[in-house]
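Structure in C-alpha cells, see below.
For clarity, chains are labelled A, B, C and D in written order, and residue numbers in each chain start from 1.
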Amino acid sequence: MSFSVAVSGATGYAGGEALRLAAGHPELDVRTVTANSNAGSLLGEHQPHLRRYANMQLQGTTAGNLAGHDVIFLALPHGASGAIAAELEATSPGSLIVDLGADHRLVDAASWAKFYGQGLPKSHHPGSWAYGLPELVLPAGKQRETLAGATRLAVPGCNVTAVTVAVAPLLAAGAIDPADLVAVLANGPSGAGKSAKTHLLASEILGSASPYGVGGVHRHQPEIEQNLNWSIGADPASGPIRLSFTPTLVPMARGILATISAKITAGTDPVALRAALTDAYADEAFVSVLPDGQWPSTAWTLGANSALIQLAVDERAGRVVVTSAIDNLVKGTAGQAIQAVNIALGIPETTGLSTQGVAP
Amino acid sequence: MSFSVAVSGATGYAGGEALRLAAGHPELDVRTVTANSNAGSLLGEHQPHLRRYANMQLQGTTAGNLAGHDVIFLALPHGASGAIAAELEATSPGSLIVDLGADHRLVDAASWAKFYGQGLPKSHHPGSWAYGLPELVLPAGKQRETLAGATRLAVPGCNVTAVTVAVAPLLAAGAIDPADLVAVLANGPSGAGKSAKTHLLASEILGSASPYGVGGVHRHQPEIEQNLNWSIGADPASGPIRLSFTPTLVPMARGILATISAKITAGTDPVALRAALTDAYADEAFVSVLPDGQWPSTAWTLGANSALIQLAVDERAGRVVVTSAIDNLVKGTAGQAIQAVNIALGIPETTGLSTQGVAP
Amino acid sequence: MSFSVAVSGATGYAGGEALRLAAGHPELDVRTVTANSNAGSLLGEHQPHLRRYANMQLQGTTAGNLAGHDVIFLALPHGASGAIAAELEATSPGSLIVDLGADHRLVDAASWAKFYGQGLPKSHHPGSWAYGLPELVLPAGKQRETLAGATRLAVPGCNVTAVTVAVAPLLAAGAIDPADLVAVLANGPSGAGKSAKTHLLASEILGSASPYGVGGVHRHQPEIEQNLNWSIGADPASGPIRLSFTPTLVPMARGILATISAKITAGTDPVALRAALTDAYADEAFVSVLPDGQWPSTAWTLGANSALIQLAVDERAGRVVVTSAIDNLVKGTAGQAIQAVNIALGIPETTGLSTQGVAP
Amino acid sequence: MSFSVAVSGATGYAGGEALRLAAGHPELDVRTVTANSNAGSLLGEHQPHLRRYANMQLQGTTAGNLAGHDVIFLALPHGASGAIAAELEATSPGSLIVDLGADHRLVDAASWAKFYGQGLPKSHHPGSWAYGLPELVLPAGKQRETLAGATRLAVPGCNVTAVTVAVAPLLAAGAIDPADLVAVLANGPSGAGKSAKTHLLASEILGSASPYGVGGVHRHQPEIEQNLNWSIGADPASGPIRLSFTPTLVPMARGILATISAKITAGTDPVALRAALTDAYADEAFVSVLPDGQWPSTAWTLGANSALIQLAVDERAGRVVVTSAIDNLVKGTAGQAIQAVNIALGIPETTGLSTQGVAP
C-alpha cells in the first residue's frame, strides 16, 4: 500500500529528517515538499544529502499545498503548525496530520501560556491530538494504545523523549521519588535548528561545552513533567513531579545523552530498579536496556530510531543514575513521528525504521 | 530470494559496516559472524550500535566457520584475507567471496611487493578476482561489466574510490594530463581502523589536521594509479599516470573529501570538462555531479553509498580542480562491496543501499 | 629569581602541560625532563607543540635524576609518584615536590584503599602534603593559607576542582543540603591521559557522548566528598556529604563543564545563593562568577587557569543549578599546580598564569 | 616601556585574538576597544574568555576614538579599515597603524579591483604600508628588513601565511617550478569570522569537510601569488607564479594545514630541497622545519605564533610535497601582527609571543 505524503518545513533539520526516513519507507510516497522563503527552488539546494528528492521543487507552506495528502508532516516553528492545522481541519479531514513541533504537545493551557507566551492553538481541541511516544509507560499499559487510528499526532520533543524513556518505568514502579529528579543532558546543536545564530556557529561550539535554558525555563520542562506525571497517574501539570533539568551543548551534530539521577524509594533494591526498566522494554523494538555494565554512546544511535538505556545504583548517595542515548532527529523527532504514523495507519510499527546506528 | 551471509572481522569498522548494511538488505541473511581474539563473546559487546545482531555469538575466523555461505565477507588485515581465501577455494567453490581488504586489488606483483613487502597471495590467480568499482570509466564501457556473475570480488580502497570517480572520466576523455595529477584528501580516522594507537586518540585528533603517508608511500598509491591507467587503456603499473597523493587526518569520524588538481589538456574547454563528468555519471545511481556551484560536503554522504562530485576550472593556473566526497566506510568500503555483490548475484544494483546521507 | 625545575612524566598530557606553563613562567627554569620507556629520546618527538624544549633529552624517571631541583613535578600514575616521593625525601629535603597524581590527595586511608585498592603510600605522612586548591572555601578562611611555605603539594583532580569551586561556597554558607547533591560533568578525553585504548580513539569519541564511572565508583568521588566535607567543617570521609557524580565523555580535547544541582536549604533566598558565590570569589584572580545570565563555555577557559561559574535557582524544583567550566589540564591540573607552587615559593600567585582563554 | 593600544573590531575573532595576545605582552597597554553595533556594552559580553578586559566598555569604531594611541589595530571588514586609516593619517601621524584586514596588502590595483570589486583605498599610498610577514624569503634577505620603524603595517592573510612560508624558500632557491604549484588547505571555520551564516553553523560543519572558493576565485589567491612572485624577484601580479589553490573547511575551530605539491626543477636533489627550507629558517624563532619524518598537526600550533613545516619528495611523481601548520588567528593573524609590531617598535621580536601550542 502507498500513502501520499507532504512535508512542510522541508528545508529545515526536522523536515529533512522526515524526508530521509520517508525515502527508506516502502509505503510512504513523498509528493509535496514546502518551505517559506525558499519556495520555487529545488530541494537539492537546501538538502543536498537527500539525493532522491534533489529535483523536487519546493512549494509555499500553505494549507492549500499540503491539503489532500494521506500524511502531512508539519515541521514548523511553534505557532505556525497550529495555524496550518486549523486550516487543514476543514480541507483535509481524512488526512493524518503529524506535528513535529510543540503546538499540540501540552494539554495544560497554563503551562503552555507560561512557557510559550500565548494561548493554546485553536487547532488544539481537547483530546484530539494523540501524543506520539508509543513506549511511554502508564499506570496501565503504554501510550501506544492511544495511537492506533489516530488522525492527529503530536510528536514529543527530543529532550523529552530521552528523559521520559529513562525514568517513566522507575516512577511507574514506585522505585524512585517523583519529587527529587535531576536531569543533565549533552545535546548536539542540530536540536536548535538551522537558524543562523552566532552562538550556534561551529567556531563557538567546536571544542566547547556549555549549558543553556538553566533553572526550569526550557520549553521542554513542562512536557517532561507532563509525561512523568502521566506515568504515575497524576495530573500532568499539578502532579508531584519535580525535576531539575539542564541541557548542555556539546560538539556533536546530533545526539542526546541524558543522565538522570533520582532518589531511590526506601526499600527498593537494585535488582528491582533494573527489573523495572528491563520489564518495561522487554518487548520493545526501539528501546533497549543494555547489558549490565555497558554504557550508551550517542553515536550508537546515529540515524537509528533507537533509545539505549543503562543504570547504576549509588547506595552511598541513595540514588540511581539512569542514562539514555538517542539521535535527537530520529527517535527524538522524525523517527518517532514515523513510528507513530505506522501505528496510526495500522502498518507494522518498525516499517522503514532501523535500529542500526551509523557508527563509528 | 535470500542469500546466507558470513562476515569475518565482524568486530572491526569495515566488518561492522558490512553488517549494518546487510541488516537493511532484504536479500542478505547474516548467519555467521567471526573474529579472532573475541571469539565466543556476543557481537553486542563490540558493535553495540547493531541492535539487530547484538545477541549473535562470534565464532573464530576460520575457513571452516565461513565455508558454505552464499556470500562471505572478508574484513581482515592484508595477508589474512588471502590466506583464508585460499582455503575457501577448496571448501566453498560456489560462494561469492568478497574481500574488503587489499589482498586481491593489485594486479601487478611488483607493485604489491613494493608497497606490502610480500608476494601476491596464492589465492590471487590472474583474472580470478573482479575489481569491484562498478562506475570506473574504462576506454570502452565501465568496470561494472566485469562484475556480473563474479564469484571473487576485490573491493577498492576508500581513498582509491574517492580519487578514481573524480578523475577517471576526465582522463578517459583526454581532458587532463595523466602525468600532472595532485590529490589531497581530508580523511576521517575510521579509515585507519579500530586499532588502539596513540596518534589516533581523540585527544590527538580533535581540533587538529595532519598529513600522513606523504610522498608516494601510501598503500593506496599504486591502486589509484592502476585504476587511472586502466581508464586510459594503459598498463596498470607502467602507464603514464603520475600522481602526487597526500591524505590528511581531520576531526570527523567518517568521510573523505578528495581535492584533485589536474593540468588541463591544451584545447580542452571548460564545458567539455564538465561534460566528461556529467556524461559519465548521467545514469549512475550512486555517483552524482552536483549542480554547478554546489560543492560537496562529506556529511551529505554519511551512511549513504553516494559519491558527490563538483569541479571548477582555473584558467589562470591552467588546471581543473575536481572534488569528491564519500563515506569511507560505505561507498569507500562496505557499501561499494554490497553494490558489487548485488551486481554479481544479479539482483538490482541499488538493493539495500541508500543515497540519503545522515545530515546534519 | 630563578628556580630549577624537573618534570617527570614529561611525555604525558599532564607533564606536557606543566612544561607548557613553565615555558611562560619567568621564574621557572626547566632543567630536567624524564620519562620511562622513552628515556634517551628528545622531548620534541613526544611533545612537538613545545618548541622551546624540543631538543631536551629525556632521562629516566628515577629519584636520582629528579633530585636536587628546586621544584620537582611528579606527573606519574598513582602508586608511582608515592614511590618516587619516598625516595626524594632523603635526597631532596629542600625541594618543593608537586604531585600532579592522586597519591597524596586523600587523607583517609580507608577511602584510599577502597578506591585505589592499596594502602596509602609511605611518603604520605599525615599532614605533610598540602592540598593545592587555593580557592577552596573552608569554615574559616581558604585552603590557600595552608600553602605558603609548603614543600609537598598534592594537586587536586580535575573533576574535583570543577565541582569543588562550584559548590563549596554554597555549602559553607549553609545554603544547600549537603546530602542531596548531583553532579554531571562533560569531559574532554585528555583527562584520561595519553594511553592507547580503543574507547578513547577519535573514531569512537567524535560525534558521541557517553558516561563512565557511574554510580559512585569514579576515583574522584572520595576526593570531592573530602573537599566538600572540609568546606562545612566535617570529617572528610564520614561527614554528611552525599553526592551523585557522573562524568561523561564528549568530543572536545580539553575542558570540563560541571553541572551541579543541589537542594536549597529551607529559607535561603536566591539572592543569598548568588551572594555566597560572589562573596567567596570577589578577590580571586582565577575563579570568576559570570554576570547574571551568562553561562560558561569550556572554550573560554582553554589554556587558561580560569574557572568560570554561573548559577540559576529553580524555585519549582527547590534546587539551585551551578555550573563551572575549567580547562582540565590547566586549572584542573598543571595550572593549579603552578598556582600552588607560586604560593609555596612566595612569589605572586598569578605569575606565569593567564586568565585569557584561547577562544574561539 | 609601555605603548598605548587601541583595538577596533574588538568583538570579532581577529580583534579578540589581538586582545588575548596583548594581555600577555609586557609592553602593550590596551586603553581602548571599539565596535560598531555593540558600542556601549562591556567587552565581557562578547569576549568572555578575555577575563582581563571583561569590564572594558566598548566605544564606537571611529577615527576619533582610535586616534592618539601608540598602536592602533584595525580588525575590520575590507573597505572599512582603509576608510578609518585615511582619517587617522591626519589625526594620528605618529601612531603605528596595524591593519589586520585586506585593504593594504595588495600592491597591484588591478588585482585588488578584480578580487574585491573596488579601487584601492585612498589610504593605500604606494610604498606606505609595510607588508608584515617577517620570514618571507626574498631574493636578497627577508621581508623583516622592511619592517623596522614602519608606521603602517599590512598584516598578511592566514592562508597566505601558511602557503608562503612553506614554498617561498624553495622558489627562491630555484628548486621548484613557479608555474606548477598546487595548494590544498584544511581550514578551521574561525577564519571566516564571527558572522552568523547557515553554512558556518556547527550542525553543518561538525563531522564534515567541504571545499570553498575553488578555481582561483578566493581573495587570498592574488596575495599568495604576490608573495611568491616577490620571492623570486618577479613582478607581484604579472610574474610567473601559477597556483591552483583550494581551501577546505574542516571541523576544528582554529588551524590551517596547508599541503602544497610542486614540480621539482630538473636536477634538484632531495637534499637540496630540504636544505632550502632548513637554511631559510635556521635562525627563525617562529618557523620550524620539523625533524625528518615528523609531520605537523595544527593542534601543535594552537594559540602559538608557530609555523611548523615538513616536506617529502615523491620521485616517481617528480614533485615535492610541503606541508605547513599554523593557528590561523595567531601566526595567521594577530600573532603575526604583534610580531611585526615588535619589529616596528624596536622591541625584541618574540616579546609576548609563545611558541608553545596548547595541545592536546
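Just so we're on the same page, contacts are C-beta pairs under 8 Å (C-beta built on N, C-alpha and C of every residue); 3 or more make two chains touch, one makes a residue touch a chain.
None of these values were measured; they are calculated from a predicted model.
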Centroid comparison with chain D (C-alpha atoms), farthest chain: A
Comparison of B-C and A-C by number of C-beta pairs in contact, larger one: A-C
Where chain B and chain C are represented by their mean Cα positions, the distance between them in whole Å: 46
Distance from the mean Cα position of chain D to that of chain C, given in whole angstrom: 36
Rounded Å distance between chain A and chain C, as computed from the means of their C-alpha atoms: 38
Residue list for chain D, restricted to those that touch at least two other chains: 13, 190, 194, 201, 203-204, 206-207, 251-254, 296-297, 299-300, 302, 359-360
In the complex with chain B, residue positions of chain A that touch it: 13, 16, 19-20, 23-24, 44-45, 47-52, 54, 190, 194, 206-207, 253-254, 288, 290-291, 294, 296-297, 299-304, 306, 308, 354-360
Touching residues (chain side chain D, partner chain B) in the complex: 180, 182, 184, 186, 201, 203-204, 206-212, 214-217, 242-244, 246, 248, 250-255, 257, 259, 261, 263, 295-300, 302, 310, 312-319, 321, 323, 325, 359-360
Complex contact set, residues of chain C against chain B: 13, 188-190, 192, 194, 196-198, 200-207, 251-253
